[in-house]
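Both of the next two complexes hold chain A, though its partner changes from chain B to chain C.
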Partner chain A sequence: MINIILIGFGAVGQGVAELLYRKKSEIERLIGKYRVVAVCDSKGSVIDENGLRIPDVIERKKKGAFDGKKSIEVIETLDYDLMIEVTTTDVHSGEPGLTHIRQALERGVNVVTSNKGPLVVAFSELNRMAEKKGLRLMYEATAGGAMPLIKLAKNDLAGNEILFIKGVLNGTCNYILSRMEKERMTYSQVLVEAQELNIAEADPTYDVEGIDAAAKLVILANSLMEMDSCFRDVEIRGITEITPEAFEVASTRNYTIRLIAEANREKRILKVSPRLVPFHHPLAIRGTMNAALIKTDLAGDVVVMGRGAGKYETASAIISDMVEIYRKRYE
Partner chain B sequence: MSIMAVISVVVELQDKPGQLLKALEPISREGGNILSIIHQRDKMTPLKKVPVEISFSVDNQKTALRILNRLREEGLSVKSFNEVRLLATTSVMIIGHIVKTDLSDTINRIDSTGFAEVVDMEITMPEVNKPSTAMITISATGKEKLEEALEILKSVCRDKHLLLIEPVNEELS
Partner chain C sequence: MINIILIGFGAVGQGVAELLYRKKSEIERLIGKYRVVAVCDSKGSVIDENGLRIPDVIERKKKGAFDGKKSIEVIETLDYDLMIEVTTTDVHSGEPGLTHIRQALERGVNVVTSNKGPLVVAFSELNRMAEKKGLRLMYEATAGGAMPLIKLAKNDLAGNEILFIKGVLNGTCNYILSRMEKERMTYSQVLVEAQELNIAEADPTYDVEGIDAAAKLVILANSLMEMDSCFRDVEIRGITEITPEAFEVASTRNYTIRLIAEANREKRILKVSPRLVPFHHPLAIRGTMNAALIKTDLAGDVVVMGRGAGKYETASAIISDMVEIYRKRYE
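After this line comes the complex of A and B, so read on.
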């Protein structure tokens, strides 16, 4: 029996909980029996060591924040095997996720997270800690959401050296830029539209200034290219200065403009910036999609595309990490 | 050797054995790398000389001039000498107060390198005091030189608070 605690119960946390409930029989066929023994939000928690009934937890959440034990207390005292950490990202302090993950690893349990903060701030520390204790720390959901990237590179492209990664890693920016391209609207006009559609947040800084893409890039560079980098190392330029005319002028040379995150170990490049992208290029995608071009020494170019954010999309990446850890191995 | 420039010369040779060697030998001795030789027999001169177009690459312009002098010393008539051809080209976009921040200085910083130049520019200015958008095409004598020119442009744009948008292309062509 795998005992799970779920830390964070916003959209992603609820998405994970729903999938753990709705797809229980499919997932158990892959990894064996599991149950969720605690769910925490930023205020408190609900706990049942015999397994919570997820629909009841979601109903309970609708009535307001949880009371009961604080998340850190749950992490430090409960009996469990896997922590799913899906609290909100802070790329500068890494908190509260950083403390959560440190404590969980300290206690000797596996961790799956969608939280970029702890990995951006303390990538090597956390990974060393997990390795030393023979634990798994999985974070597919942190970079590219549902788009398979980390496990793809580590498993399916095993044996390859990754020479560079170039990607569209922020769906909000990609939406804004592709709308500017198509409708020749100004940045601020499209931003308002994106906010109405809930594609951009009320304070869009995190996305449009390239911070989110840079955080993902740091994780990719560290986990797939051993670049041992931190947030400060990334040269970041957002999309707010781009004019509608820019698309017109670019299109005369068959280019469009996208926010591209690039990591290149040999050339020591780590940057997020608007770039001219040829119309036929695989990264010239539209809407909220994410895409990445991975250049390898053996397999050549590999391109992936997928949903970078969203409740079930992100939850999908988390479930796949969990399955990867516990998948039954056949002799 | 990093290819810096491609030179093509047309020399007129007598149509008899050993003549071509007279032209090729000085080129290769002085460090030119011969790329192609085309006999233009259809353009034979009234004195029965055959124009031959020889293309070669050199690592700098001095070598090219030295080769040219050697060819003349050999008594060959050099009919045409194609100036250094710019080998690498890329387009970049600049957004911001391009004109106000001294556009001609920005261009001159590239042109004054001697190895790269701005060969084309398209600028859109929607309104006075609003940022303008320019597409600039830069050519250089080689890929590495082009990257060097882009680095210069990057630092100019940083100083002038302009947004530089580079192409994502894997290969600068």
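After this line comes the complex of A and C, so read on.
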């Protein structure tokens, strides 16, 4: 029996809980029996060491925040095997996820997270800690959401050296740029539209200034190219100064503009910036989709595209990490 | 120590052997010690139970076919853990790969193959046999070469239901169609060009009539969507009758034409045929690249693109399968 605690119960946390409930038989066929023994939000928790009934937990959440033990108490005192950490990202302090993950690893349990903060701030510390204790720390959902990228590069391309990665890693920026390309609207006009559609947040800084893409890039560079980088190593330029005229000029040469995140180990490039992309290039992808081009020594160019965000999409990446850890072995 | 026998020593077999030699330290870091104890071609074999020196084997092959024991004798008598089967595909009989794989599984060893034939002819028989004996039968290289697809769908998208797959699965056809699109040349003109560039074979039937794409589709449908299909279930139309005028008409509506393989379980579709594809669609990919769109219930649309063929590309997929089987566990 795999005992799970779920730390964070916003959209992603609720998505994970729903899938663990709704897809229980399919997932248990892959990994064996599991149950969720605690769910925590920023205020408190609900706990049942015999397994919570998820619909009841969601119902209770609808009535307001949880009371009961705080997350950190649950992490430090309960008996469990896996922590799913899906609290909100702070790329500067890494908190509260950083403390959660440190404590869980300290206690000897596996961790799956969608939280970029802890990995951007303390990538090697956390990974060394997990490795030393023979634990798994998995984070597919941190970079690209439902777009397969980290396990793809590590497993499906095993034996390959990753020479560079170039990606469209922020769906909000890509939506804005796609609309500017198509409608020749200004940045501000499209931003308002994106905010109305809930594609951009009220304070869009984190996305449009390239911070989110840079955080993802640090995680990819460290996990797939051993670049041992941190957030301040990334050269960042956002999309706020791009004009409709820039698209006009680009299009006369069959180019468009996209916010491209690039990590290149040999050239020591770690950069997020708007770049010209040929119309027919896979990174000229439109809408809120993410895309990544992985250049390898053996397989050549591999491109992947997928939904970079969303409740069930992110939850799907978390489930795939959980399956990777606990999948029944054939040997 | 993992003892490997390599059955088939054409381009792909030699590619695999070279990588097992050249990348030995990288691969052993992932899976532990291995050695190649036998290499067979259609005429005979070279054997050393203490491990062959690959450059010597390649040197010897250059001087002509091997003599010594036949493949089947090696498979049935040698002491080994893994068979890598890379003989040529026959989608109707499945031979000689089918007998090789049956015998290897019978003897209780794991199998990695790039050979579509055995899987098209006897997918469930071979997979049931492997499962019953607790063995692994891996075949990433059969569908899409270096384009990650089978492990991606099974592992990276674990927990998802695959609703349908649409793919450009034959690089030769895609090259021909891309050139017809761009240059408005006739099918026959581009075929000659493709043959000169060694992109099409002297007898191009297998590719241009859609047979290769259909074989791949059967493997994808069976392994990822449990469709339990066989070759004759696929409705197949090739690309030989497409005219430059068809591209002309399509382009006025911003479409191009591609050979699309589609498997849809619910609609019971298994089809390879030329189809209209919007210019900006990921399946409007150009050149010899392969692409696949995987529609899932949770992750939404996932697209992947990569090199569908080539000596090292195919070998890369085989190595990734081998790593998947033997990767050191963290638990």
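Assume the second predicted complex is superposed on the first by the 331 of 331 C-alpha atoms of A that agree within 3 Å, B and C clash if a C-alpha of one lies under 4 Å from a C-alpha of the other, contacts with A are read in each partner's own complex, and residues count from 1 in each chain.
Keep this in mind: contacts are C-beta pairs under 8 Å (C-beta built on N, C-alpha and C of every residue); 3 or more make two chains touch, one makes a residue touch a chain.
The shown structure was predicted, so the numbers you read here are calculated from the model rather than taken from an experiment.
Taken together in the superposed arrangement on chain A, chain B and chain C fit without clashing.
In the superposed model, A:26 lies in contact with chain C only, and not with chain B. Of the two partner chains, chain B is the only one that A:295 touches; chain C does not reach it.
Between chain B and chain C, an angle of 70 degrees opens at the CA centre of chain A in the superposed model, to the nearest 10.
By the touch criterion defined above, A:237 reaches chain B but does not reach chain C.
With both structures placed on the common chain, the touch criterion links A:140 to chain C but leaves chain B unconnected.
For chain A, the partner that touches more of its residues is C, with chain B and chain C as the two candidates. In the superposition on chain A, A:62 makes contact with neither chain B nor chain C. Figure legend note: chain B and chain C, brought together by superposition on chain A, show a least Cα distance of 16 Å.
Residues 166, 237, 241-243, 245-246, 248-250, 252-253, 255, 257-258, 260, 262, 273-278, 281, 283, 295 of chain A touch chain B in their complex. Within the complex formed with chain A, the residues of chain C that make contact are 19, 23, 26-27, 30, 134-136, 140, 146-148, 151-152, 155-161, 279-280, 282, 285-286, 296, 298-307, 310, 312-313, 315-317, 319-320, 323-324, 327, 329-331.
Listed in rising order, the residues of chain B touching chain A in the complex are 91-93, 95-96, 122, 124, 126, 131-135, 163, 165-170.
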